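Same chain, two partners: chain A is paired with chain B first, then with chain C.
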Partner chain A sequence: MLKQLAEKDLLRLLERIATRRRLLTPQRQSDGSRLLLPWPGGLPELVGTPLQRKPTEIFFPQLELLMELDNSGDVRLPVPADKPVALLGLDHFDLAAIAFLDRFFLSRPTDDAYLRRRHDALLVGLSGLAGPQGATLPPAETCDLELILVPDKLLARPHAKLGEELLAGFTAADPTALRAIDRSPAERPATLLAAARLLQEDQVPEAFWEEIAARCIACGGCNFACPTCNCFGVQDRTFGNRTERSRLWDSCQLDAFMREAGGHNPLGTETLRTRRRVYHKLVADPLRWGELGCVACGRCDRACPTGIGMLALCEDLVRR
Partner chain B sequence: MTIPASLYAPRPCRLLETSDLTPQEKLFRLQLADDTSLGHQPGQFIQLSLPGLTEAPISIASSPTRGPVFELGVRRAGRLTSALHQLAPGATIGIRGPFGRPFQLDALRSGPLLLIAGGCGLAPLRSLIQYCQDRPEEFGAVHILYGARSPADLMFKDDLAVWQRSDRLDCRTTVDRTPAASCYDGDTGLLPELLSRLDFDPTDCRAVLVGPPPMYRPVIAELRRLGLDGDRRIMLSLERQMRCGVGKCGHCSIEHLSCCSDGPVFWLEEVENLRGAL
Partner chain C sequence: MKTTLTTCPWCGTGCNFYLFTDERGQLSGVEPAAGHPVSRGQLCLKGWNAHAFVAHPERLTVPLYRRQGELVPCDWNSALDLLHERLSAIAERHGPDSLMFLASAKASNEENFLLMKLARAGFGTNNIDHCARLCHSSTVFGLAETLGSGAMTNSLDCFEQTDLVLVIGSNTTEQHPLIGSRILQAKQRGADLIVIDSRTIRLARHADLHLRPRNGTDVALLCGIMRQILADGLEDRDFIAARCENFAAFETSLRDCTPERVAAITGEPEEQLVAAARRFARAEKAMIVFAMGITQHSHGVDNVRALSNLALLTGNLGRPGTGINPLRGQNNVQGACDMGALPDVYSGYQKVSDPAVRKKFAAAWGVDLPEQPGLMATHAMEAAAEGRIRGMLIMGENPLLSEANQGLIRQALQKLEFLAVIDIFPTETAQLADLVLPAACYAERDGSYTSTERRVQRGRKAIEPPGEARADWQILRALLGRCGLQADDTGPEQTMMEISTLTPSYAGISYPRLEGAGLQWPCPEAEHPGTPILHVENCSRGKARFSPVTYRPSAEVPDTDYPFLLNTGRTGVHWHTGSMTRRSHLLDREEREPYVEIHPQDAARHQLKERQPLQISSRRGSIEALARITDRVPAGQLFIPFHFVEGAANALTNNALDPESGIPEFKVCAVRLQPC
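Up next, the complex of A and B:
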């Protein structure tokens, strides 16, 4: 049932969440950007530009200890945190990216390292007039509960049992309050879909990739900023008899990504790597998962120092 | 909450025995520390783990028909494999797996087999060859064609000698070049030439290829010329950099496929038109 939250209700809701969970809420930084950080008390910064860092890093962090090994062959797995996490203020892009990674890591064989962080996590979506300069964010429904900002009011709607429990006791809202904002569902940008079609039909000339690749400085920023990128490498650090084995984000834009010990490198040129970055999300992911691997959040476009992030590249591709 | 058994935790194995195969390759005989069988099928691989040096994918070079002891043939290629070469019997080694799609045995039982290996590729094929040796009633004629750079580089020389003596197997070797003072009595030249001289019936024949990347296209062209055309005639095993072995790390992708879990064994037609596959 749709609820209405006055400021004190929102604070009560946050307290409820925080009793059982480590609550992360958006907080504004001195440069105006917003980050998900441990809730310091008080009202969260719901309105503003998209979260600077990808929220999927909470479940798939840049560096993650997989296990400790000792020389006798014993393996010790990390213990899950005693409090599951709660993420508040996720827009539809963030939720789509989390859904993508959930399917990727939790489909068989289940990735236990991801599950250890993801299990029992609470997701609180955000929609309505919470975009930059009051822009309307489309519905954010693949979560436990959704906060919806309408003129002068904050509404809350549960999408799962957990959300319902957390909202118990708050005042019911008049459903017509939702009519004050545009509730059309989010759609992927037309240029992204058009570019995907061109790639799927193998209509992109090699020269296009060469030209884009010539501008790439191989910084890996596009991958590291992307909330659906899931590639990782493995690293060991040894302290005496004990070794920490961790995984860390890797980037397909780096030359060593696929280089084999024998020297053969299927992604041995910048051109091949640039094509792979785009092909993987727009052709390979749909073939494998039935859905584009790009949720169109724009983070890679904001990260790329040379202006060849996914959306810019697709526009260029379609224009030609 | 029950978290499933870790995808990434290696199981301890005992190193039972090592022996030299070539100056750069060694054979390792291993058994799981709990004495259970590995439960693999020919064509599968394991992720071999050494603390401090992460992991490397290594083919299982022995057949599951040979009991719980299994063997690996490993080339000294870099940090992990060099450290492995230093280990003495009694050492503990971690493994994960077996992983990957094995050779499709059902499809191989219908007619004569051409098992074609280059270099290190004989390691996974040896598992299949042993399987054919141990279950002769299930298979037709087996032709083994193995190419290496020089006679010294031929792996599994003891096995090659046994296979060459066997009435059930036809085993030939070829090397790129033969040094002057060599007692090598096999062929010289590339695999397609050896293949072109082979006498076999292409009807219902299946070929299995494992070798270095430059080997595939010329050998496939020759196989087609000899009549192995159409679907499900040529099976190959591909190599990629692999970090996880279970379809998660992204390093082994071939367009939309993961070499580690959709492969490493593929039918030719599954990968032939994928960019960068061959």
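Up next, the complex of A and C:
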């Protein structure tokens, strides 16, 4: 049932969530970025630019301890946090990315490190007039409950039992309040779909990739910023008698990503690597998951110093 | 979980990012600052991995001193007492100028200021220098002479307004990636790009013109270009008349630099030279961008003078989208220079030889100060090898890998009576030390850093240092106290107040004002907004000075015994001597072994295969590296990065020094190769 939350109600909701969970809310930083950080009390910064750090980082951190081993052969796994996490303020793109990673990491065999952080996590979506300069965000429904900003009101709608429980007792809202905003479901940009089609039909000439790759400075930002990228490397570090095994975000744009010990490299040129980045998301992922691997959040475009992020690249490709 | 906004520790671009700290109090990642005017939500690969080395198991965590040949732990008080006693004893016996202090372009402004104060006021010597000697000392000297200030004249934003970028001796997309990306973006929006570099760097692939002069012939090439500009009448007569001096002598000096003669020296066809001259001179707004390819020569200062002459000749100074833009390599190499970690100047380039300046600092610090300028780092190493420098304190530098002619540097460091090193890892230099003090890294201490565009910005502490490691400023304050100087445990913010009191170009800078995007110096007053572009109305020295130069060949060129020209530098994934990047998983994995770039023709002539181990030898040493066959280098040239201790390029390089700046000739020496 649709609810209406006055400011004091929203605070009550946050307190209710925070009793059982480590609540993370969007907070504006000194440079204007919004980041998901432990709720400090008070009202969260719901409106503004997309969350700078991809929220999937909460479940799949850039650097994560997997286990500790000591010389006697004992293995210790990280202790799960005492409370599950709650993420508040996730837009449609963020939720689509979490759904994508859930499917990847929680398909059998389940990734226990991901599960340890993801288990029992509460997702609070955000839609309505919460975009930059009040732009409308599309419905964000693959979550436990959704906050919907309409003119002068904050609405809340449960999408799971947990959401219903958390919203119990708040004032019901008139469903027509939703008519004040555009509630069309999110669609992937036409250029992305058109580019995917061209790629799937193998209609993109080598010269295109060479030209794009010549502009790539191999910063890895497209991978590090992408909320559906899930490649990781593993490192062991020994401190005296104890060894820490960790995993860390990897990047397919690096020469050593696929380089073999003898020096042979199936992705040995920047052209091959650039093509792979896009093929993986727009051709391989649909074959494997039935869905594009790009949720069109725009993070790689914002992170790319030379303007060859996914959406810019697809526009260029389709235009030609 | 928390985040800390700070300044990137790698190159001099000045990007800002958030450090993420996990539930264990350790760094778990990096996110670029979206609203920062330099990073704008973007970073390079090293930036994205700036957290990775911090918790490495080889971090130094306790003070170590040498007992019976071994480095063994000791407590901080004993370590600091030992350091003070040994340096004091040497100074007493042999005079203060038998000591040398090396500051660090990785340390903060405050820490460089404190070390400068320790050397001068604490131990009575001007023998202080740092790695700027190895990178942009030619720039500081050359531009100070022609313009009055040795810093980048313009700002990074200028790339958005320029009509033409001339990149000479800078592999910008690898060494200053976020600046390189701005050049690529400028090209995308229609600006012209001229690249002058013997190697086919990434920018060269996008360039309208790529000139590939032989390494070491830039003076001839630039003089040829300038002569052509004059021959075509494309010089900016109004600018020259209104803003410059010594033009007539300069014009005369170019007389012999005919295209034919220049082509013979540089190996670059005449048409290329003429085309570059015309394209450059016709641009309404042109930026000159340069780095080590210009400065690291035995005629590095002359190279810089030539570039300065080119900008003046075409009026590309003091306006948006123009300027002479040296790209500073380290995140605080500009700041370390600004803070007077140089043998001839106090902070703000106030000359040691000026009695009024000395009087000001002496009054502030309550001690008499030495009058003679000190030794440059490169000369100090020669002096140490000869036994004239006997005690040395090195803060966050690794000269055994970074200075030219490793054999000489090893001899110098081993001959010292006492060597103390402050560092975060047991570097190759630290392993030769009598005392090693464990330092906090950038993520573990507060401070300020000055980027290549003179932007002074905050670095902020995110986590605690490991074990007993301490911030450099804490170590230096304790040493100042032992020297009888003010040593209260006040932090960097108070030191910045002292800096601003004594340094006119930093007079308006204070920590509260550095919140946000920082301030670009000169910032002479508390209300001053900072200075994005230098030399707008007048140059710092008044009139800009044309400084005539004459081509001099490099000190050691290929011959029949050593037929290849060796060029050295860096890769995009490693930082200098690799002490941090080789301890960062992704960066280490990307380049794990020393390699040598060799042209396919040369490889064919020597019947070499990709990744074949080669022995490369010069008159000074010999190393092994794996062949990398590529046309990035021209035929006849080899390129080796200097990161790798197991194949140290600087075992080969020539310590022939520029007579004015004291910089070694890292970019040219003669070598031969043979399969291992």
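Here is the rule we use: the second predicted complex is superposed on the first by the 319 of 320 C-alpha atoms of A that agree within 3 Å, B and C clash if a C-alpha of one lies under 4 Å from a C-alpha of the other, contacts with A are read in each partner's own complex, and residues count from 1 in each chain.
The rule is simple: contacts are C-beta pairs under 8 Å (C-beta built on N, C-alpha and C of every residue); 3 or more make two chains touch, one makes a residue touch a chain.
These numbers were taken from a predicted model, which means no experiment stands behind them.
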**OP:** Determine, for the superposed arrangement built on chain A, whether chain B and chain C clash or fit.
**Re:** fit
**OP:** Kindly classify A:H264 by the partners it touches after superposition: chain B alone (first), chain C alone (second), both, or neither?
**Re:** first
Original post:
First (chain B), second (chain C), both or neither: which does A:E57 touch?
Top reply: second
Original post:
Which of the two partners, first being chain B and second being chain C, lies in contact with A:T238: first, second, both, or neither?
Top reply: both
Original post:
Can A:L115 be said to touch chain B (first), chain C (second), both, or neither?
Top reply: first
Subject >> Partner chain(s) touched by A:S72 [first = chain B, second = chain C, both, neither] >> reply: first
Original post:
So after the superposition, what angle do chain B and chain C open up at chain A's Cα centre, nearest 10 degrees?
Top reply: 80
**OP:** Answer with first, second, both or neither: which of chain B and chain C does A:Q203 touch in the superposed model?
**Re:** neither
**OP:** Answer with first, second, both or neither: which of chain B and chain C does A:S30 touch in the superposed model?
**Re:** second
**OP:** Once the structures are superposed on A, label A:L272 by its partner contacts, choosing first (chain B), second (chain C), both or neither.
**Re:** first
Subject >> Closest approach of chain C to chain B (Cα atoms, Å) >> reply: 11
**OP:** Name the residues of chain A shared by its contacts with chain B and its contacts with chain C.
**Re:** 233, 235, 238, 250
Original post:
Contact residues on chain B for chain A in the complex?
Top reply: 1, 3-10, 12, 33, 49, 51-56, 77-78, 81, 92, 94, 212-213, 239-241, 243-244, 246-256, 276
Original post:
So in the complex, which bits of chain A are touching chain C?
Top reply: 24, 29-33, 35, 37-38, 49, 52-53, 57, 61-65, 81, 214-215, 217-221, 224, 233, 235, 237-239, 248-251, 254-256, 263, 302-307
**OP:** Would you mind writing out the residues of chain A in touch with chain B in their complex?
**Re:** 66-67, 69-73, 75, 77, 80, 104-105, 109-113, 115-116, 119-120, 230-236, 238, 243, 245, 247, 250, 252, 257-262, 264, 266-267, 272, 276, 279-280, 283-285, 287-288
Original post:
Within the complex, which stretch of chain C touches chain A?
Top reply: 1-3, 5, 16, 18, 20, 22-24, 27-36, 41-45, 47-48, 51-52, 55-57, 173-174, 177-178, 180-182, 184-185, 188, 202, 205-206, 515-516, 572, 585-586, 589-590, 610-611
